[in-house]
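Each chain gets a letter, A, B, C, D, E, F, G and H, in the order it is written, and its residues are counted from 1.
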Amino acid sequence: MSKQLELRLSGSGGQGLITAGIILAEAALLDHKNAIQTQSYGPEARGGASKAEVIISDKSIDFPKVTLPNMSLALTQIACDKYISDITEDGTIIVDDSIVLPAQLVAKNIYRLPIIKTAIQEVGKEIVANIVALGLIVRLTGIVTDESLEKAILSRIPKGTEDLNKLALKKGYELAEGLLS
Amino acid sequence: MSKQLELRLSGSGGQGLITAGIILAEAALLDHKNAIQTQSYGPEARGGASKAEVIISDKSIDFPKVTLPNMSLALTQIACDKYISDITEDGTIIVDDSIVLPAQLVAKNIYRLPIIKTAIQEVGKEIVANIVALGLIVRLTGIVTDESLEKAILSRIPKGTEDLNKLALKKGYELAEGLLS
Amino acid sequence: MARKVKFLQGNEACVEGALMAGMTFYSGYPITPSTEIAELSAEKLPKIGGKFIQMEDEIAGIAAAIGASLTGAKVMTATSGPGFSLKQENIGYAALTEIPLVIVNVQRGGPSTGLPTAPGQGDVMQAMWGTHGDHPVICLTPDSVKETFDLTIRAFNLAEKYRMPVILLTDEITGHMREKIEIPEQSEIEVYNRIKPNLGDNYQAYKVEAGDLVPKMADFGSGFRYHVTGLMHDETGFPSNSTANAGRLMDRLMDKIEANKDDIITYEEIETEDAEYLILAYGGTARTAKAAVKTLRAEGIKVGLFRPITLWPFPNERVNTLSEQVKDIIVAELNYGQLILEVERVVKSNCPVRFCGKANGEVLTPDELIRKFKEVL
Amino acid sequence: MARKVKFLQGNEACVEGALMAGMTFYSGYPITPSTEIAELSAEKLPKIGGKFIQMEDEIAGIAAAIGASLTGAKVMTATSGPGFSLKQENIGYAALTEIPLVIVNVQRGGPSTGLPTAPGQGDVMQAMWGTHGDHPVICLTPDSVKETFDLTIRAFNLAEKYRMPVILLTDEITGHMREKIEIPEQSEIEVYNRIKPNLGDNYQAYKVEAGDLVPKMADFGSGFRYHVTGLMHDETGFPSNSTANAGRLMDRLMDKIEANKDDIITYEEIETEDAEYLILAYGGTARTAKAAVKTLRAEGIKVGLFRPITLWPFPNERVNTLSEQVKDIIVAELNYGQLILEVERVVKSNCPVRFCGKANGEVLTPDELIRKFKEVL
Amino acid sequence: MAGSKEDLTIHINEAWCKGCGICIAFCPKKVLGFNENGKVMMLDRDNCIKCGMCQMRCPDFAIFLGGKE
Amino acid sequence: MAGSKEDLTIHINEAWCKGCGICIAFCPKKVLGFNENGKVMMLDRDNCIKCGMCQMRCPDFAIFLGGKE
Amino acid sequence: MNHPLVENYFRMDKFPHIWCPGCGHGIIMASIARAIEKLGLDKDKVCIVSGIGCSSRAPGYMDFNTLHTTHGRALAFATGVKLANPDLEVIVIAGDGDLSAIGGNHLIHSARRNINLTTICFNNNIYGMTGGQYSPTTPTNEKGTTAPYGNIDKPFDIAKLAIGAGATYSARTTAYHVPQMDKLIEAAIKHKGFSLVEAISICPTYYGRKNKKGSVVDMMTWLKDNFVDVKVAEKLPQEKKEGKFLMGEFINIIEPEYTDQYAKIIEHFNK
Amino acid sequence: MNHPLVENYFRMDKFPHIWCPGCGHGIIMASIARAIEKLGLDKDKVCIVSGIGCSSRAPGYMDFNTLHTTHGRALAFATGVKLANPDLEVIVIAGDGDLSAIGGNHLIHSARRNINLTTICFNNNIYGMTGGQYSPTTPTNEKGTTAPYGNIDKPFDIAKLAIGAGATYSARTTAYHVPQMDKLIEAAIKHKGFSLVEAISICPTYYGRKNKKGSVVDMMTWLKDNFVDVKVAEKLPQEKKEGKFLMGEFINIIEPEYTDQYAKIIEHFNK
């Protein structure tokens, strides 16, 4: 994927999607790409849906905001309802399988995947759903190298949770591989 | 005196010179002349010398401040030291006789008169020195009519002090008449 | 009955005007050289059943005034530079919430505490730009005691009509000088009162109904239970995060000025018809300019005076037209060049714009202005 | 040693820059979207022996900073619109008393509480005119995280050099976006420290000595017992009512800017050499403009970007020169037209000046700017 | 509003319930619990004494006593 | 500063005295009074007990105990 | 069926409100409405004023004359409302930051003037709205985002501060002790003169998380276990009071009220 | 010969000062200098901070590091000075308006933080500088230019307000009781933590004239007759205390001081 990635990650406040966005951007930096991350703020971010956005590009990034994402992920219904319909025609939508998608949604790829379930059942902690999501996105887009992603993850997570996160990442990769194969 | 009167009254805070300025201006209004009064403000006005300035004119008065008075009266030494030397060449200076005048003072008329003494000794109240001064100024300049001046005085002074003030006014007139005769 | 002739300070005339305009509430904090406005309000308001309160600071002074305005009172607060700076946040609040209010700033000398008892005109740009964010502004400035009276009334009327804070920007010169003023009869005075909704109407607190300039304004306590907020809000008055809505609201607020300049803008011109030179001055400094113009005309020089009475919105169009007529414009003000910036902008390359001012606490004298004028001639 | 590469928010980069510039004291009051600056300062300052204090409000925030600066500390306070309004009085105090200080305003949307989490650029004029009275102003505005770092350092340096408050005017866009930044080594960074007098000198606190730009500044407690006042003062620092003295002081203060524009003013130009059209934009909106220029250039349109980095004093001369070269200037900003007023003034009749902006809490997109650009073409 | 306790029963507005668990924890009769969506539910209506403490302490106005209808 | 009371005497700085009369009124020995200019003056130096109250209460630093010289 | 209190005293279409799950603010807001209901006040004559903060969002939900002002200034605006129209029952809602940090001056002056305003402080010991900075009521040693190493400030005792300033009614209650809260708020509204009820709230999102206070229920339990009514405390042995916080009415006295006194001046001229 | 105190602790060339004849402010200013002399403080390490007002002109006369700030903000500036350089002995001079009207918030927060600042309030119960408007300490029923019919406000008890806010040292004295004033100011400076001395001053020019309080001497006599030391008052029968005002030390306790606590955080990182 040579084109600029304009990614939106949305969900509820506690799901670590902002961290996920930062990790992905930092991985891009490790790959000598350019990256910008932005996010939603304020009470709105607290109660309802919060979002983080990341632009990754080989070229320098002037305009820092995602106007229309070409990839959008939602982990909660509220986030999905609010944010998912903004997408480029050739874009990719990824939602957790707990979510009911709106009727008329136009995108090139639409995936409903057990991201949270994977985190809970296969990794053992719901909190790492964000890392599962990252694995999934990176495997689908190839936007950063696996090494950089892992390095970026390890530098942001609490000490002692390395294995947990590595496992989550692996499960994320696998989720994507299931789609691609 | 057809020319515009630009009068400065200076002294210490409690001597009622601001009131005197207002009375004179109000007398001018009664005579259908124009008048503007200004004064000094602030801590400077409190401790040391305070001043009131009045412009009286047959014509409309645009610029409201006295730049160089053509008549200047001082009742205290401090006020005299600070303010008296600003005077037009053909101007008139009047100071209380308790004051020592500076050496080189250029003015057409320079009068040192017992204003305060007159108030104390001939009227019986130092507080009416301002009215004595008014009588003096008006008799010297003819800038307002006697009727208007008296009316203006009576409308500004506390009830019950009418006679006192009328006497002070008379004594002021007399001081001037002494000079003119 | 004859009109009453009085000999008043500008500050006193301001209170007389406010009372005639219907002021029933004053809250503020004393500061030289505006204090007489508070003092006279304290004396007069209770006599007519109105209220005066000295608050703990200037911020509270304007806040209480805004609160009172919401109950239907016509309100005023007065201050000078340092207090005007403190009031800025809530000026923006009143602008966004569209609450009528008159704010008097009797300008003194200098930034910070500066020269508290000296005149200055250094808050001209602040009157327009002092609070954060874009907002509509009306600012009037008188050059005499009588005009202080008139413009105070006008400030109240504009505040009520356009539902916004109106700034009366005077200065120590006009505020403290005593001059003759004929006080008109109440019946001679045009008083504008805010339009209130009728009970039973489907009231939307921030909706402009057809034919209205601004949303109708209900008194708190009169049976309309609506919401007022300094957040961006929609026509119902409740907060809204919609950018479309925010844009609409802001456009409407700014448009109150843009679309009504003809109603809001006033100015005085003296001998401009055949003028080859123009002096532009306002407030106390206009008095200097008037004297200078007389002297210069007496010398045969074709000079005129343009005096903006409405400072904001600035009379752009008229100044532009004049700049096509004259050879030179000289702007006189007691600062380091504030309104001149607006003049320069408006005049473009039409003619040179020159500056005559100072900010040392003195007034500008006619002689100084004439000297400067002749220099540039 | 390699420079550290970090991925930071603009607000974080501001603190990193401040620390490298020598900040040892921060006092403020939290407000969105500036709060991260306080939070990171609270975390980092004690580690280097510096002090952080959260004051009771924004007024106290800037007051404490000024007090600390007098002891020799390099100080900063950060806020957003409502807090910036509250700080205005003391900004004037710091300007008149010549106390170095960096004030960050991360601009948000709207007047009053407005749209607290949305971007805006509505405080541009306020940065210049927010406090009462004339006073010198320096205001810088970055368009990237790295530049936020650089300009924070520059703000400290200018504050120390010219002994005055310096405003770093950022916005929610640059404040909250995360971007790559290479942090230089301390040794690579030029740090300017205020000049202090020597004990034994005949110190006059407000006298500029031959060869100096500003009066030397003694730390409180270092053996010089001098007086600092917000009243007009003479060279000794004591209050003076002399108008001659006030004029001299004010002239000197204003001249710090006037006489040193070349040192203070910086700007960026992109493809202006052969430009037939010019976009003028700053802060976060310059990012939009950069993207738009690229797109337009790709279409073969000869458009350039002028980005003032120093907003105040405004780069008048360069803009004037450019206005003689281009056919049209379009000013892009997130407000109802603020800096454009200065551009219009400077451009005079040289070429049309057009506006592209909004103030609804959204950023301006490259598409919007391009569309507007093409409309006026 | 309904009259005596007899006529009252607990109503739940699931749409407003944010699942904080306050009502559940402090119900003197422990008759409330979470449903599968993490919202409050009545487990044992019969043992509810209609003391109203759940209503009083619910920050979200999501549980209240009302007429039986 | 001078040592024992012996060596001390009241000094008056007429230029600074504003004639408020505080020192005069509260001098325990009533040894102070006004002069013809309305400024303070020492009436009875011998009876001054050098208590210093005049100095302490003078708002203008115009009266003080100092060496006899 | 709808919640009767909401139906009668709130703007139902604004619900659910923006507060976080378990935020104590909703509990206090409900209590205010119940007190108004109990007192049978005319909704059209009630005015609710707030500043800025999470707590200050309350007026937007309450179906009265509502005024959401600038940060810290609620009491100053309210003073204007009340003095201009003393017929209005004016209730001020303010966060601990709003009331005691930036708004501290207006608090002490309102108390001093004894103007008939009822102030309910939603005290969650933190700046909620801006994301968890320490406030003037954050206990010493606790953390906030701007006190990463623990707060070194001594917290205000707001109820005591108001008394020091001259308040004629001052009380404290908590989001756990709702029946008491109802009574105190009712008494405060009824009180002629300035009244303050400091209602201890909880902010699980910032204060709780940052200071490891456990779940919402843990935080409520802490309130339950650590506050004692002054009247009860009087009778408790010292060891039982150790470390406990007092709640209940601290002062309730009658003194001349500001708008009454002003009315007398006006009357004087009407005679 | 020169006044020794002036010679050593004042800027002699600035005298005579601007205060009116009989203004109490000069008496208090002298007392501060004597306390500094008594304590033998290094003049270079003393910093005097004031706001705006007649009283606030004092620093200009005093030969230390002196800072004349904006109206009401002295304590906020002083907090910055002290925190940045705790070696400085920082003394704040503030009028009743400056300290308790516009500056009230900084007063209560400085007290709360227990930062080692000494505040001397020159309380003349009026705004002197601006010409006699009533202040937050003007007694009820007394007049000011903005209270032409008598003040309806209840005045602050500033010393009590500071205690309510958490001050660890609070005292009151008067311009008549100079020996006591000297002692209290000395104790306040020595006190480690926030200290307040409310020094009752007199303003014959505005307060006195407006309220027919007679001559300067009459006003001083009133102070003499109407203030009783707390310790003395304890022993007095009720009828002797009736209508009297208390002076003396109201509180004097030791609690952790702000700059000390901050130093501990820094130390923690230096280890």
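Points worth noting:
To be clear about the criterion, a contact is a pair of C-beta atoms (placed from the backbone, for glycine too) under 8 Å apart; a residue touches a chain by one contact, two chains touch by 3 or more.
This one's a predicted model, so the numbers in the text were calculated from it and none came from an experiment.
Any chain bridging chain E and chain G, meaning touching each of them, is missing here; the list is empty.
With steps allowed only between chains in touch, the distance from chain C over to chain F comes to 2.
Least step count on the touch graph, chain A to chain D: 1. Between chain C and chain H the centroid-to-centroid distance comes to 39 Å (mean Cα coordinates, whole Å). Annotation: 83 Å between the Cα-based centres of chain E and chain F.
Distance between chain centres (mean CA atoms), chain G to chain H: 32 Å.
Within chain C, residues 32, 46, 56-57, 59, 82, 89, 93, 112-113, 116, 229-231, 241 each touch two or more of the remaining chains.
Taken residue by residue, chain F touches two or more other chains at no position, since every residue touches fewer. Residue positions 44 of chain A each touch two or more of the other chains. Chain H meets chain F in the complex at residues 1, 3-6, 10, 15-17, 19-27, 30-31, 175-176, 178-179, 182, 204, 215-217, 220-221. Those residues of chain D that touch chain H in the shared complex are 24-25, 27, 46-47, 49, 51, 53, 55-57, 59-60, 63-73, 75, 89-90, 93, 219-231, 238-239.
Of all residues in chain G, those touching chain H in their complex are 101-102, 104-105, 108-109, 112-114, 136, 149, 152-157, 160-166, 255-256, 258, 261-262, 264-265, 268. Interface residues of chain C, counted against chain D in their complex, comprise 59, 80-82, 84-86, 88-89, 92-93, 95-97, 107, 109-116, 118, 120, 122-123, 125-126, 128-135, 229-232, 241, 243-244, 246-247, 250, 254, 335-336, 338, 341-342, 344-345, 348-350, 358-362. For chain C in complex with chain B, the residues that touch the partner chain are 5, 7, 32-33, 116-117, 173, 176-180, 284, 287-288, 290-291, 294, 363, 365-367.
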